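Listed after this line are the structures, all set down as structure tokens.
First chain A sits with chain B, and in the next complex the same chain sits with chain C.
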Partner chain A sequence: MTAHALTDTNAAEDGAADPSPLAIGPWLAADPYGMTAAEKDAALSAVLRALTQHHRAACPDYARILDLLGTGENGMTHLADVPFLPVRLFKAFDLLSVPRDEVFKTMTSSGTSGQSVSRIYLDRETAALQGKVLARLMGDLLGPKRLPMLVIDSPAVLRDRNAFSARGAGILGFSLFGKDVTYALDDEMRLNLPAIEAFLARHAGERIFLFGFTFMIWQHFHRALEASGIRLPIDNGILLHGGGWKKLQDEAVDNAEFRAALGRSTGISRVVNYYGMVEQTGSIFLECEHGHLHAPIQAEVIIRDPLTFRCMEVGETGLIEVLSLLPRSYPGHALLTEDLGRIEGVDDCPCGRHGTYFSVAGRIAKAEVRGCSDTYEARS
Partner chain B sequence: MKPVPDLPVTLRVGGPLRTIERRPLPPYAPEVLAFLTALSKRLLTAPQTRLHPDIAAFAYWCRPANLARLQRAFGAAHARLGRGLALHIAPANVPVNFAFSFAFGLLAGNANIVRIPDAGHPQAEVICDALAALFADPAHRRVAAMNRLIRYPRSDAITGSLSQIAQARLLWGGDETVSRLRALPVHPRCVDIAFADRYSFCILDADAVLEASDTVLASLVKGFYDDVFLLDQNACSSPHLVLWQGTAKAKAAQARFWPAMTAYLEKSYALAPVHAVDKFVHLCATAIALPEAAASQRHDNFVYRVVLDRLPADIERHRGRNGFFYEHATDDLTCLAGIVEERYQTVTTFGIDRDALVQSIIAQGLSGIDRVVPVGKALDIGVIWDGYDLIGELSRIVHTA
Partner chain C sequence: MSNRETYDSAFTETFMIEAKDLPGLKYQGVAAWDSVGHMALMAALEEAFGIEMDIDDIIEFSGYEAGQAILSKYNVAIEPAA
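On to the complex of A and B.
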């Protein structure tokens, strides 16, 4: 299959019959959490098999990797059989499955200064598919109508456009599901109380959608409210947050404490964490009312043993692999992350959603460097 | 003689810098041998040594029988004296290397200023404590007066000041450190012994591996483990390439060696998850960057192997870490001429005639390979290292005619 053939999938967006396993229509029409894990394994692995063939044909570097890994097209009957790439590879190499002149947008991960960043190349088709799947998942979370939206961040993040930073891209992406988008922090990341109060006054009695990055919310929103002794009346709010817990773990704040604290400072009772990454924008994993991250039908999570890369059982902690049917313009449909997590259960979450549900335990630890080099180091 | 300036350094062992005694001794001086003997005894009986096999290896190296052997091998063809003051810039990531460097300087008869790294290795503290205790013993007054072990943050100003009064410098830590330190002005008579980035590989004879008894195979596996995994395949002398001699039986020999290696690693090596991911990333990167990579095999995540259908001339640029190897089978070791250049340091061998290999290196005039040693000895540092006779380089000849 060529990249060109894939562009026909737009024709199938209303769910019309399309023989291509890559058609998105059926995946948008279905309940995002309506498939059992076994049903999804069969249906989604057909798509990922087709994606593997597509990327092998369209991305020579990817084909070389599969050849060296000894991966054939046969025997890919389960999601666990789909060959995966290490997510870090996107930091070292430009991996594309489309000609460069079809690149519509380049996403970069938000590495801290000095770190290299991932570069993810999107063509119009992949960007559109990401938007559609994200809209489907957000519709399931927020309902059919756009809600007044409070972004717990500074508008300055968007003005400083070093390509699309993950933070800026996240804000822009989720802002599509809000209206009257208002920033809760000023350019210096200080609480903008007048803006918040005016926003709440405009939307008294309405459901409010709040979005931000976990640590920013904690540091610049919750902490600031707590310090000034303010409790905001946002009881009717739903707060979506992501970006990882590393900095909060350093402060010994876990998910339960985070929820409780925001309840105290804002009254918000529905706090929804998500797990997602710039390498698979769109098919995100949202937290349910019971605190579990759920794989939607468009994506899956597999836990692999760091010592062997074999799949681990429910309850065992290992490396998180993420799969998504979205990546068409870059070979990122099956990625081994450097996060640790475990499957909490399958098809039986008390929230009623089907499929895999899981938790994330943080990043794998860096290791000490041993060896002859690096003597004249800054430390001493 | 220029005085030793006062510098903002932390004195770990020994008195103030300006009081250092710089009058040299002859190589293998009785005072030095007595000191190293006492150090060996002290370390071997220290309770912490049991936790650190690298301290034990250093202590064992310093025992009198070994020093006597080295002294005999050094010979007495010339009257010699230490060059004067030796400055040692020790590497951060090999915990006991500073101690070996110091001992080489001592044995050559020099006064020594050793910059020890502060990378949090407990081994450095154990050794420094032992040195400090011996310095306090009047029996070792002369050695104590001649030596200082210090710490200071990376500073060209301090290293530069010390370089101007040193007659020899031992610069560890690879190309970048060496070129940075070489740029500093030094004493006009200063001799630099620079340990640059090196590359090492291993040659295994397929027949020998197949014919080895289980006991011999077990010791080969243990030796290979020591060469590679004690320093996560990061040491200059750890192999990255495994050359199999004997194409007909190479596959069978690999099928015997690597599973045994993997089984040993499963018992003995704490594989960090990040290293497993590193190796996987490296395998994918190798696919993109190395066209000669024809196939690969993973033994779980302990051993990654990349089969090369032919040896690229720049194979030295492709290196593994934490158990990642390039492999190639050949019937003719003269293929080495096509890859070996200056960077090549150590060849570890099994089932190979080492003397013949050394003769062939010399006959072919290869620009690299300084060491040909059995598998298991890659990390055994000694007075002959990196192609240098260190005691010879660090001492001067007083010639008469």
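On to the complex of A and C.
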């Protein structure tokens, strides 16, 4: 499809025929991986320019930052021109673009005690947009029907409803795509084999959706199965996992080994890593069959030189900047993360998806430890 | 039990509220209807009516009245209030 088609098809789906560049309808109707990087650069730049104007008008602190940077929206013709904020700024400051009484939900990043956390303020509109885009991307992965879901975690994570962690929020957010949601671990993070076996018996022959955080899956699911000499028959499963690789890198487990190991202990052949963060919930980056993380049309990744912040070329490792059309209630549409990564290619992944594909290499030195998986401290 | 009684019970039993509180009730309108409560309500409705809702409808299910329109897509007609 062309970028032009995006602006004039299906505009009516998002309520009235909304001519605003911020209307979400066209972005939900289009194939999430159907635009070339150049088409997306043009179409998404228009949205991010409008978002920059919106946040400048609505968030005085953000406006002051833009004034200091001397950035004018008129010169913003490419995604790389959009002014980005370091993600850390959301720890130091309360940045919001709606009145406080319109804040519907406050998300916090997964810092453990002693670390500061980001505070992300959502209004109803932003929360709803996040859900819709996530549903679009997950629908592309799983199909239109909800699948029986096995959560590789403990139900204890969700017990305190007033204060669940980013880990709990992640589980809950993805539970939307499952049915008969069953937890594979007990309150002590031990394998709950009776629950797993009963679940598999109820859904024999069906496709199964499994979700968990990378390190927890490794430590408390794969390792526990291996130690008991059990191989679960989940050959029809699709396992989605995220939350950081640092702890597994410490154990010299990479993505290829992770996939192979899960294949041995469960038979699962489709293992999908995702990269995403609470600061841009919804527009996540999903791994394809060839092991590449892909930017959907609603988001983009740019790699910047950590010293000069210039945009780096394909294959060069630098800081990951993430862009998303979702943030409306807080100025988080362009964020420089503390993660390192590199663009692996553009528009030519063998999987057939268009756009930018990339890999994450880890976190910069001296950055805080964070991530749903990496902040978890095993008790033993 | 009429469909309306079944529908109302899903709310009152999931959120521990009374039937008189239902008209106009919106997501997050009571403490119990948070994101965890939402999934519990969806499970209760699916079981009560023997249906399986699509993801988009679960997202759009934003209130007591909106939910009735969504259920009509699954051929569940909620009778007018007595």
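By definition in this document, the second predicted complex is superposed on the first by the 344 of 380 C-alpha atoms of A that agree within 3 Å, B and C clash if a C-alpha of one lies under 4 Å from a C-alpha of the other, contacts with A are read in each partner's own complex, and residues count from 1 in each chain.
Operating definition for what follows: contacts are C-beta pairs under 8 Å (C-beta built on N, C-alpha and C of every residue); 3 or more make two chains touch, one makes a residue touch a chain.
All figures in this text were calculated on a predicted structure; none of them were measured in a lab.
By the touch criterion defined above, A:Phe93 reaches chain B but does not reach chain C.
Of the two partner chains placed by superposition, only chain B is touched by A:Leu85; chain C is not.
In the superposed model, B is the one of chain B and chain C that contacts more residues of chain A. In the overlay built on the shared chain, the residue A:Gly139 is in contact with chain C alone; chain B does not reach it. In the overlay built on the shared chain, the residue A:Leu336 is in contact with chain B alone; chain C does not reach it. Once the two complexes are laid over each other on the shared chain, residue contacts for A:Ile65 go to chain B alone; chain C is not touched.
On chain A, the patch touched by chain B and the patch touched by chain C do not overlap at any residue. Interface of chain A with chain B (complex): residues 61, 64-65, 67-70, 85-86, 88-89, 92-93, 306-309, 319, 336, 338, 340, 364-367, 369-380.
Chain B meets chain A in the complex at residues 89-94, 97, 115, 117-119, 151-154, 159, 172-174, 176-177, 180-181, 195, 197-198, 231-236, 271-277, 280-281, 283-288, 293, 295-296, 298, 300-302, 306. Interface of chain A with chain C (complex): residues 104, 128, 131-132, 135, 138-139, 144-146, 158, 161, 172-173, 175-177, 179, 181.
Those residues of chain C whose C-beta lies close enough to touch chain A in the complex are 28, 34-36, 39, 46, 52-56, 58-59.
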